[in-house]
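Before I ask anything, here is the structure I am working with.
Letters A, B, C, D and E mark the chains as written, and numbering starts fresh at 1 in each.
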Amino acid sequence: MTLFGLEITLDLILYTGAFGLIVIGAAGIVLAHHLFRVILALAIAEAGANLLLVLSGYRWDAIAPILSGSESAAPMVDPVPQAMVLTAIVIGVGVQALAVGLAMQVKKTYGTLDMSAIRQRLEADIAGTAGIATTGSQDAPLGERPLPPADAVPVTPGSSAR
Amino acid sequence: MRNLASLLFAGGLGFLLMVFGLQFDFGNAPMLVGQAIQSAAPEQVGAANIVTAVVLGYRGIDTLGELAILFAASTAVGLILGHRHTSTKPDPDSGLILRAGGELLMPLLLVVGLYIILHGHLTPGGGFQGGVILAAAFFIPVLARPSTPLKHTGMMLIEGFSGAAFILIGLAALYSGGEFLQPLLDKGTLGNLVSAGTLPLLYLAVGLKVGAELAGLLAHLAAAEVSES
Amino acid sequence: MTPLDYLLLLSLLTVVIALVAGHRSMGGVWLTFTYAAQLGGLMLMAGLTNQPDVITSSLSFTILGQSLTWRYDALSWYFALITISAGLLSTMYTAGDWGEKFRADGGNLWLLHVAIALNVLSMLILLGSGDLLTLFIGWELVSWASFLLMILAGGPSIQAAIRYITYAMGGAMAILAGLALIYGHTDSFTYPAAANILHSLSTAHLWAPLLLLTLGFGVKMALLPLHLWQAAAYAHTPGPGAAFLGAISSRMGLYALIVVLIQLVGLVRVIELPVLFSFISARDVLAWVAAFTIIFPTFTALRQNDARMLLAWHGIGQGGYMLLGLVMGDALGSAGGLMHVFNHATYQAALFFSVAAVVYRTGTADLNRLGGLVARMPLSFLAMLVGIIGLAGLPPMNGFVSKWLVYRSLMLEGEPLLFVAAVVGTLGTILSVYKLIHNMFLGQLRVEHENIREAPWSMTAPMLILSVVVFVTGLMPGLVLQWIAGIQATVGLPVIDYSLGGLDSAQGSLDMLWVVGVLFAGFGIGAVLFYSGGRTHRVHQLDNYAGGHFLSADIRYHYSDNFYPGLMRLIGPLYRYSFAWLESAVQSGLGLLSLSTQGFYRRVAPANYALVTAVLVLLWVML
Amino acid sequence: MNQIVLIVVLPLLAAFLVPIVARMSASLGAALGPLVMGVCLWITGTVAIESAGNAFAINIGGFMPPLGITFFVDRLALLFAFLTALLVLVLWPFQGEHRPREHALTLILAAASGGLALSGDLFNIYVFYELVSVASFGLVATGRRSSAPAIRYLILSGFGSVLALVGIALVYTQTGTLNLAHLSQLAPTHLINPIGLAAFALILLGVGVKAELFPVNTWVPEVYATAPNRVSALLAGLVSKLAALVILRLLVLVFAQEQALLVMLLLGLLGVITGELAAWRAQDMNRMLAYSSIGQLGMVFVAFSIPGETGVFAGLAIALHHLVVKPALFLLAARWGGALSGLAGAAGGNLPAALLFTLFALSLVGVPPLPGFWAKLLLVMGLAEQVGPLYHFALAGILIATVVEANYLFRIVSTLFHRDSPASPAPQKHSGGDIATAGLFGASLIAAVLLLIPLSQSLKTIAQQTADAAAYRAVVTLAPTTSTLGDTQ
Amino acid sequence: MILISTVIVAIMLLAAVAALLFKNHVAAVAAVGILSLALSVLFVILKAPDVAMTEAAVGAGLSALVLALGLRRLGLWQIESSNSTQSSIQKSGEHTDA
């Protein structure tokens, strides 16, 4: 089977799947405006990487790596990448749960999940804690700083100029 | 404009990786280690499921690390969201049917989960897959009755002691003169339920740990209070 | 234990005493004695000046496969003599009333003592360096010790000190780069290995290390484009500290340049080394840098209204004479350059001491707020008079001898343009030192200074000692020239043919005994004529008139503002083209870069760069 | 000697049990962590004495190396295991309210760091790396307003992990093994090619996130600005070094090719330049330290890009120096978090802190005879010995960055000691514990000056051992059936 | 086998794209779940039953549960698409991004 002169083989398709997921995930991580979407994109990219790992241990006409009875000589697909993927999947879900927890905390602190808004409020927050005037004023329309610097040293504007 | 550039870069990444990927001799994995494990596993570990042999035997410490990651994630979520039970407005309890269904389902899930865990060294499945089902079993009451919180103490005990059990089994091997996580006990007959030495015990510890961990995690997430904006 | 060990130990002891007792009222006195002991220790090694020999310290390490050694030769001895003497006199000056007042005004006297002691120790270590690595270590120690001395006063000195340390670090890193290039060829830091490789390197390869080292050491000497830090940094250092720094600190750069240019590369090579075009040699470039270093800072000094700034700017200019003389490479020029180190140290310290005494009494060094102090502080005036004559390079003071040697050498070497440049510099010096002494000591005494007394003896004594030295070595330059001859023999320069009164050789002869004799005879005749007329009588300064008006205390007839208006109209516009714009351009460029790098670290999508880099690297791998 | 595995396992065990123990007895729970770290220190010490500097390998589970996972224990691994335990112990959250979860995460961080130091298996390294990541996300998020930096860190790190995983997959597809010794054996035939290089680049970018490698270090300023300072100290001091250690191992053993070094050199140099430049205009202490940390780690990478033992030596020296200095600086910054201009006269309130800051600043800039100077000198010597304009360019970049560094550090020092500014409010006093800990670091810095010669010699030995890939292969005995590739059928 | 794989890969990729493009977050989470399920089928085809089980249980089950809980607690659990506050944030985000 060929398409546009390119022979369509199984490996082409499978690699397209794996790398496609990674690329879509990467694009999502980079482009998404919404934090939750970024977390989803991360999961997608991880899925792609897992698929790639499984592919790396695949063998034609081999059986699943489970011995059934005596014919242990039959060729099997590589069990090691499968074990690795098993681990990677669980790691992925752990990280994802943590990310969701953090996202909740972000929402609570800043009241938004928009990436650029988070970035700006973070900047304003750090600067506010430190008592530095922020350079950009783009955070102004989005509302006041949600957290007043509670125990920050009050710095009068005059004394900050050296 | 920036979006377009990023898309281009992402596409470029895919293209480049594809180029590398297609250079491989797909379907003829070198399997240096895989082959050796396949031939050695029955004697060395005694598990019919070679993946299990790898996960708990050859790469046992990976699995320990993985458990620790789950534990760390759950602990971190607990640390971040933990101490805020003040004015959480729980979701209303679900209806009778769901509750009854949940109560019926729970023991069923427990049994299924334990089955999958205990047969992990024979058939596909094992501690992780079974653990997830256990987690579902533990978590279903919370879903059905959000107002009654998960029994944290019990979960914590299962969580702590099952993790400790995994390590202690490993240490037992170390102190009986072998290496950490060396398979102990009799290998038994390949394919029997009681075979593969300590492997099923390890998987049981993994399953309980995973189950308790995930249930705790879910409970934390479910109980978290986030101001609605 | 060699004499060098004793010297270094004594110096270390001085630091310890400063640390322990620097805050006590008698601490300064004890420290003065320990400096004197150091001088004694140095005298144990006085034999170095007679024969080209070295005294090695038993202190040595092997670290990272490199051995660190210390040793003294005639060159080190000469610079060490100046260093310890400067430390001795500065401490003596500090030990008495000046220190009490400094402390009373909120200054940290303990830190000042410690800083001076550390400076002396680090300079002695630098002067003893036995290989390139110890040279660099000593160099860094000196830089940071000076930084401590500069910054300890607080206030405006902080900015100056930060500027200094930035320049100094830049210089140090240039040196390190130069050393690294040498090391890259030899895998060793020893002088012989370095000399070997520098001799054998082709012109193209020699350039980079030579340029880097000269730039690095030149920062300390404040050679021209890198001179901006020095004046303010020295001027804002508390009085005796400024005298110490002005006397010796930046000469460390000269020491290191001698080691590199003359001992390692060899002046012959420098003279031959072509720059871009074959008719300009490295020597020419250095000489012209030195000439510009004489001219520009000297004329900047002319504009200063703060006595300390004025002196500090001159310190930069005088450094140019030393380098100019040295790179001529003949017996006279190098002797002049080397001797100028000593001479400059003596009169510069005397001048700073004198200015500090005035500041001690009046509280200001602003040239527009002083005047007529000669009647109240005659000894300080005397010290300043001797000092400025020396600084201007006029007989009978020692500055004349060294400058004469340099001029003579320039003419003999066939460098008329450089000669003119040097003379122009001297002209500026004369003009500005006149401004200095006129605005401070001559003319009308201000009303608020009516009750001022001479500075206490603890302050006048050091400056008078220095004045005597300035005069005596002017009268009998042979005293210094014997050491110079020893150095020339050690480092491999042609040796000057000196006599007690100057020199007596084929290249020219000078006998200061005669010159001074004639001069004083002239003074004597003048004095006889003046006093024998008997037409003088003393009056109060306000018992006078000007423009038909009697003078009262509120009328200022002492014109100190807008000095040299004609000259300023002539050259004033040139001051606008300052070097400061270069520095500020670098600074704002850096600031821009810094902000943009911060912008880099503040992007919205955190993983963007990871993606881009991954793609770029993979692309590069494929191609 | 196989008890060395305990330094990974015991903290994990303790971490699992801390919540339970703390429920039973609060004081016992609080004491468990430090106790275990102390035991780890002791174990590392005894193993170091027992092994007498000879490298050895442990086969986890008793399986022959390429089949099972190997822990490779040499001087470098022991050194970092020791430092891990020590640093975690010194930076242990003794003060403040006792939170068992925080202790558990710290213990996990310690265990995973030990694992990173010891592991000799590519995927096992990945697992421990992820463990370090998750633990550090959790610790970072304990700050009052650090959830947003933490999640941005998590996203970047997660993307890095995906890249690393792809890299590992590439390696595995090429060779079919994960054991570093085995990979090292196969590398000349299977990994010294574009695919190997691509795999290296991907793994480098992945692991580089923790190591503050240039383009993937955007998390550093914001995380260090908001995380608790003890956590920043741990991340900057310890975790970044362990990630660098992993990269070093991979570079020496598996990806020893010129282009890989080139990539490291370029990225490291860019890190130095951007870090120091950004620090120059930083307006608060924490971010200044963060940028400076980027610069220092950049130097480590530049050093590692020098082939052979020299580079390892220089890189280790810089890394160890930074490991001592930066945590202490972060501790000092705990109460000096505000705007830099607000620190005027802070020395008046707390002279020891200001003096310590000055000491560390001097060492960072590289003033002889402090250790920072010797580390930098090693780097300079190493770079100078290399031919090629790029190395000399890197040399110039590093030296220029040093000047910038001196400028901003001493601007701060002078601000601290600036006396005549009564208008500004006095910054808060440091807690005694912070000062004492920082003093401990300062004392060790001074001690390093006094012990310079033996220290440099032993570090050189470590570097020699680390740079010797053949010795590594010799220590790890591979199962005979897998030693060659090609007999797969 | 090629045919099945092609179909599954196509489903996967479509689900992935959909997960990023759907306005509604619930639908996006569902798409990720579908992706996981498809992936686990693919794993079965690739003779990795253990991985397939794990992917189904963890990826499709647990992960979706975690995400759904997250959505619920983040106030994004809207079955009907489009809501005003969110789009306004998005708009402001785009504005500042430019």
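The definition used in the following text is that a contact is a pair of C-beta atoms (placed from the backbone, for glycine too) under 8 Å apart; a residue touches a chain by one contact, two chains touch by 3 or more.
Computed from a predicted structure; not experimentally measured.
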| item | value |
| --- | --- |
| More contacts between chains, B-C or C-D | C-D |
| Chain of greatest Cα-centre distance to chain E | C |
| Chain occupying the most central position, where position means C-alpha average | D |
| Identity of the chain that, by mean CA position, is farthest from chain D | C |
| Chain centre separation in whole Å, for chain E relative to chain D (CA means) | 36 |
| Where chain A and chain E are represented by their mean Cα positions, the distance between them in whole Å | 13 |
| Between chain B and chain D, centroid-to-centroid distance (C-alpha), Å | 30 |
| Distance from chain E to chain C - Cα centre to Cα centre, in angstrom | 74 |
| Residues of chain B touching at least two other chains | 6, 9-10, 13, 16-17, 20, 24, 28-29, 31, 33-34, 37, 39, 49, 51, 58-59, 62, 65-66, 69, 72-73, 76, 80, 124, 128, 217, 221, 224-226, 229 |
| Residues within chain D bordering two or more other chains | 123, 127, 130, 134, 137-138, 141, 147, 152, 155, 159, 166, 173, 176, 178, 194, 198 |
| Residue list for chain C, restricted to those that touch at least two other chains | 602-605, 607-608, 611-612, 614, 618, 622 |
| Residues of chain B defined as touching chain A within the complex | 3, 6-7, 9-11, 13-14, 17-18, 21-22, 24, 26-29, 31, 33-34, 37-39, 42, 48-51, 53-55, 58-59, 62-63, 65-66, 69-70, 72-74, 76-77, 80-81, 123-124, 128, 190-191, 210, 217, 220-221, 224-227, 229 |
| For the chain D and chain B complex, residues of the former touching the latter | 2-3, 5-6, 8-9, 12-13, 15-17, 19-20, 23, 58-63, 66-69, 99, 101-102, 104-105, 108, 111-112, 115, 123-124, 127-128, 130-131, 134-135, 137-139, 141-142, 147, 166, 170, 173-179, 182, 194-195, 198, 479, 481-482, 485, 488 |
| Contact set on chain A toward chain C in their complex | 26, 29-31, 115-116, 119, 123 |
| Footprint of chain C on chain D - complex, ascending | 152-153, 155-156, 159-160, 163, 194, 197-198, 201-202, 205, 209, 215-221, 259, 263, 267, 273-275, 277-278, 280-282, 291, 362, 365, 367-369, 373-374, 377-378, 380-381, 383-386, 392, 395-396, 399-400, 402-404, 406-407, 410-411, 414, 417-420, 452-453, 456, 460 |
| Footprint of chain D on chain A - complex, ascending | 22, 25-26, 29, 35, 38-39, 42, 45-46, 48-50, 52-53, 55-57, 78, 80-81, 84, 87-88, 91, 94-95, 98-99, 102-103, 105-106, 108-110, 118-119, 121-122, 125-127, 129-132, 147, 152-156, 158-162 |
